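Structures are listed in the sections that come next.
Heads up, the next two complexes both have chain A, just with different partners, chain B and then chain C.
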Partner chain A sequence: MLEKLMSIDRRIIFILVALAVILPTLIPVSMPISVSEPTQKLYDYIETIPAGGTIMLVFDYGPASLAELNPMARAIMKQCFAKDIRVIGLTLYAVGTTMGSTLIQEVVEETGAVDGEDYVFLGFRPGLELVILGMGTDITSIFDRDYNGKPLSEIPMMQNVTNYDQVDLLVDLSAGSLTEAWITYANVQFNLQIAAGVTGVIISQMYPYLQTGQLVGLIPGIAGAAEYERLIEAPAKGTLWINIESFVHLLIIGLVVIGNIAFFIQRRREE
Partner chain B sequence: MEKIIGIWIAAFLTLCIYSFLYRDNPFYRFAEYLFVGVSLGYSIVLQIHQGLIPFAWQPFSAAVTGGSLTGLIKLIPIAIGLLFFAGLSPQQTWLIRYPSAILIGVTSGVAIPNVLQAHIFEQTRGTIGPFAAIHAGTLSGWGVFEAILMVVGVVCTLTYFFFSIEHRGPVKWVSKVGIAFLMIGFGSAFGNTVMGRVALLIQRVDFLLNDWFGTIF
Partner chain C sequence: MRRQVPLILCFVFGIVMIFTQFIPHSLSQSLHQEVRQWYLIIFPFALVFSSIALIRTHVMRIRRRTEHWRYSFLIFIGILMMVVIGVPFGPQHHVFEWLFNNVQVPMDATMFSLLAFFIASAAYRAFRARTLEASLLLVTALIVMLGNVPVGDLVWNTVFAWLPWENATSGMKQWILDNPNLSARRGIILGISLGVISQSIRIILGIERSYLGGGD
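Up next is the complex of A and B:
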């Protein structure tokens, strides 16, 4: 029995994980979600931005991270449009262009936000820190047109936006280290307030910036997305998926515990 | 109809990728190569349209056709950038030194003060800053504990990476405490990574069960 447990075929574990995902997907279960401090901070900060204010939403991720970051982006945009805060979307990551443009269209269909008045999507520019620094001086020096090719000078919501001075907050949704680039250049050089929504892989990396105030808020992974959906009182995919995730976590914890018990018993027998 | 075809292609490719869980197979490799190729092709086209054309080609053609002094000045950085291609000729490779030197010089000049401020000075302030609050008596008991724990963690972890003295005696024990802090950090990162990876699986299963099955039933 013990030998069988120690040499269990990994494909059996895959099947167990698949079942732990499929069953709660078919029979949704609702579990309580408590809001963590970093997520609450970002929500509160956006709540303090007056109507007519502007935020930049940066889609620095690709399809491999949309499961965690799309629900956050959706929730933030809904909050902004409900409060009449204008959203400037852009990306420093080439593949993020499709993420941003597609998601904005989905949210626009739900909320009825108007292109050029409530939001604008600028698209992508290569150059990372040079793009960040350039926009700090003059946004039109980097993006003279939006993603659809319309000159920024003809877009109503961009009439009074020249650089970061007119931007109340930048939220970077990132699957890599681009949030650090925004902190290093936009926050240090131009004192732009920055918040982040990040994938699970880099959550730990972001906490020091939260503690120092270099980030005004942080949405940590899919759990943070669910928390944000709770805050805006619009449960969606984030809430659904974190409930399913809890079952997989229970399974993983169970497997780790069983594996360790079996390991220690076997070692004791060998001794 | 286009949407349904897109969903079926996405579902097929998703199943191709997950077939690797059983064993490596041609379907998995086909989907893998397709993903790499499409991602790279898409990125290159986007770099050309969003970077090369508006920042190099359009100023270049405007300078040539317009002949204005302002336009001609833009030819200088374009010409320096083109020197990177000197590497294609073994006799002219030395020309790469010029754009490389400018790139490294500018990047260093821009990055060093900002990086020092963001990652060294601010983080140092964040580590010792709470002690000012302790001194002022504005920090709660838990806050005091957190502040002390953070300093202990930073000092012990840095000691572990300090190789100029031999790790013996008290230094050895301080660095061992540093290892404990590192392990806690790695554990936290690993746990969060598992959460992220499981979320990807859940999103794909959600797509298959709701979007794909939705086109069948």
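Up next is the complex of A and C:
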């Protein structure tokens, strides 16, 4: 029995994981979500931006991370459009271009935001930190046109936006270490206020920057997305997925506990 | 000459770019801006080179009939389709967007989703409290995992409702992230930064030459 438990077929574990995902998807459950301090800070910061203010929303992620980061982007855009804050979307990650464009279109259909007045999507430029530095001097030196090819000089909301001095906040949604590049080059050199939304695996990496104030707020993974949806009072995919993730976490914790009990019993017998 | 020219270029541009960072004079800043423009022009060439390298690798696989060589044709079909639509019409074209949203996105997301299955299996097999350090890691991981999902607080607030601490699971997780994690991370960041500085100096001075590849 013990040997069987210790060498359980991995396919059984796979089936258990699949069930832990599928069942709560079919029968949704709702659990109370408490808001963490870093998420609350970002929400509060955006709330202090006056109507007519501008934020930059950077889609530094690809399809592999969309489950965690798309709900964050959606929630932030909804908050901004509701408060009449303008959004400049862009990406330093080639694959983020179509994703950012598609997501903005989805949110625009829900909120009725107007292209060129409430938001603009600039698209992608290669060069990472050089793009960050370049926009600090002059955005048009990097992006002379938006994603649809319209010159920035003809876009109403860009008339008074030259560089980071006219941007109230930059929110980097990242699946890698690009947030650190934004902090190093845009925050340190141009004093641009930065917040981040990151995938679960890099949350711990961001905490030193939160403590120093180089990040004004942080949305940590899908849990943070659900927290943000609670704050804007618009539960969506983040809330659904964190509830599903609860069951998967419980399953993994259960497996680890069972594995350790079996391990200790076996070790005691061997002794 | 094949090695000397890149070494000289690396040295000159490395030094110049460092100085332009610290000299706020307009001449220095315009030089910095000019070089940035060059970089933006040079960068796409790297994409061309990487595409050529990818094509060469898969041509070799087909020629040598290595394992799963037939899948290399899929690479060519994928590249060809995206180039044929993307280059003349741009990524805004509805066919390009459709292919991206309905082929690349699901495939990429699926590959990443598989991790959940492997992590669960690996955690069951390998996450054992064999030593004190492993036990600490195990307990910390369990607290963070439980504190990261709403069920953690739900269980705590239900089972330990008589205790004065509400939402203690997420509170413990937050404490772990704010204190032990933050301290360790700061040490790691400092170490990495010092490593990057020393490696950059080695490259600029031509001591580290591995980026030049092999040959003379």
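Worth pointing out:
Just so we're on the same page, the second predicted complex is superposed on the first by the 271 of 271 C-alpha atoms of A that agree within 3 Å, B and C clash if a C-alpha of one lies under 4 Å from a C-alpha of the other, contacts with A are read in each partner's own complex, and residues count from 1 in each chain.
In this text, a residue touches a chain if its C-beta (ideal position, glycine included) is under 8 Å from a C-beta of that chain, and two chains touch if they have at least 3 such contacts.
It should be emphasised that the depicted structure is a prediction, and the values quoted were computed from it without experimental measurement.
Because the two structures share chain A, they can be overlaid on it, and in that overlay chain B clashes with chain C.
In the superposed model, A:P50 lies in contact with neither chain B nor chain C. Looking at the shared chain after the overlay, A:N148 reaches chain C, while chain B stays out of its contact range. Using the contact criterion defined above for the overlaid structures, shared-chain residue A:I8 touches chain C, although it does not reach chain B. Once the two complexes are laid over each other on the shared chain, residue contacts for A:Q211 go to chain B and to chain C alike.
When the shared chain is aligned, no partner comes close enough to touch A:G112: not chain B, not chain C. In the overlay built on the shared chain, the residue A:G259 is in contact with chain C alone; chain B does not reach it. In the overlay built on the shared chain, the residue A:G127 is in contact with chain B and with chain C. After superposition on chain A, the chain C segment that clashes with chain B is 4-12; the remaining candidates among 4-12, 22-30, 58-66 or 166-174 show no clashing C-alpha atoms. Note: residues 14, 17-18, 21, 62, 64-67, 95, 97-98, 123, 125-127, 133, 200, 203-205, 208, 211, 221, 223, 245, 248-249, 252 of chain A belong to the chain B contact set and to the chain C contact set alike, using the contact criterion stated above. Against chain A, the residues of chain B that register as touching in their complex are 21-22, 39, 42-43, 46-47, 50-51, 54, 107, 110-111, 114-115, 117-119, 122-123, 125-126, 129, 185, 188-189, 192-206, 209-210.
Within the complex, the chain A residues that touch chain B are 11, 14, 17-18, 21-22, 25-26, 62, 64-68, 94-95, 97-98, 123-127, 129, 133, 144, 180, 183-185, 187-189, 199-201, 203-205, 208, 211-214, 220-223, 237, 240-241, 244-245, 248-249, 252. Contacts from chain A toward chain C in the complex involve residues 8, 10, 13-14, 16-18, 21, 31-34, 36-37, 62-67, 95, 97-99, 101-102, 123, 125-127, 130-131, 133-134, 137, 141-142, 147-149, 200, 203-205, 207-208, 211, 221, 223, 226, 242-243, 245-253, 255-256, 258-260, 263-264. Chain C meets chain A in the complex at residues 29, 33, 36-37, 39-40, 43-44, 47, 90-92, 96-97, 100-101, 104-109, 111-113, 116-117, 119-121, 123-125, 127-129, 138, 142, 145-146, 148-154, 167, 170, 174, 177-178, 181-182, 185-186, 189.
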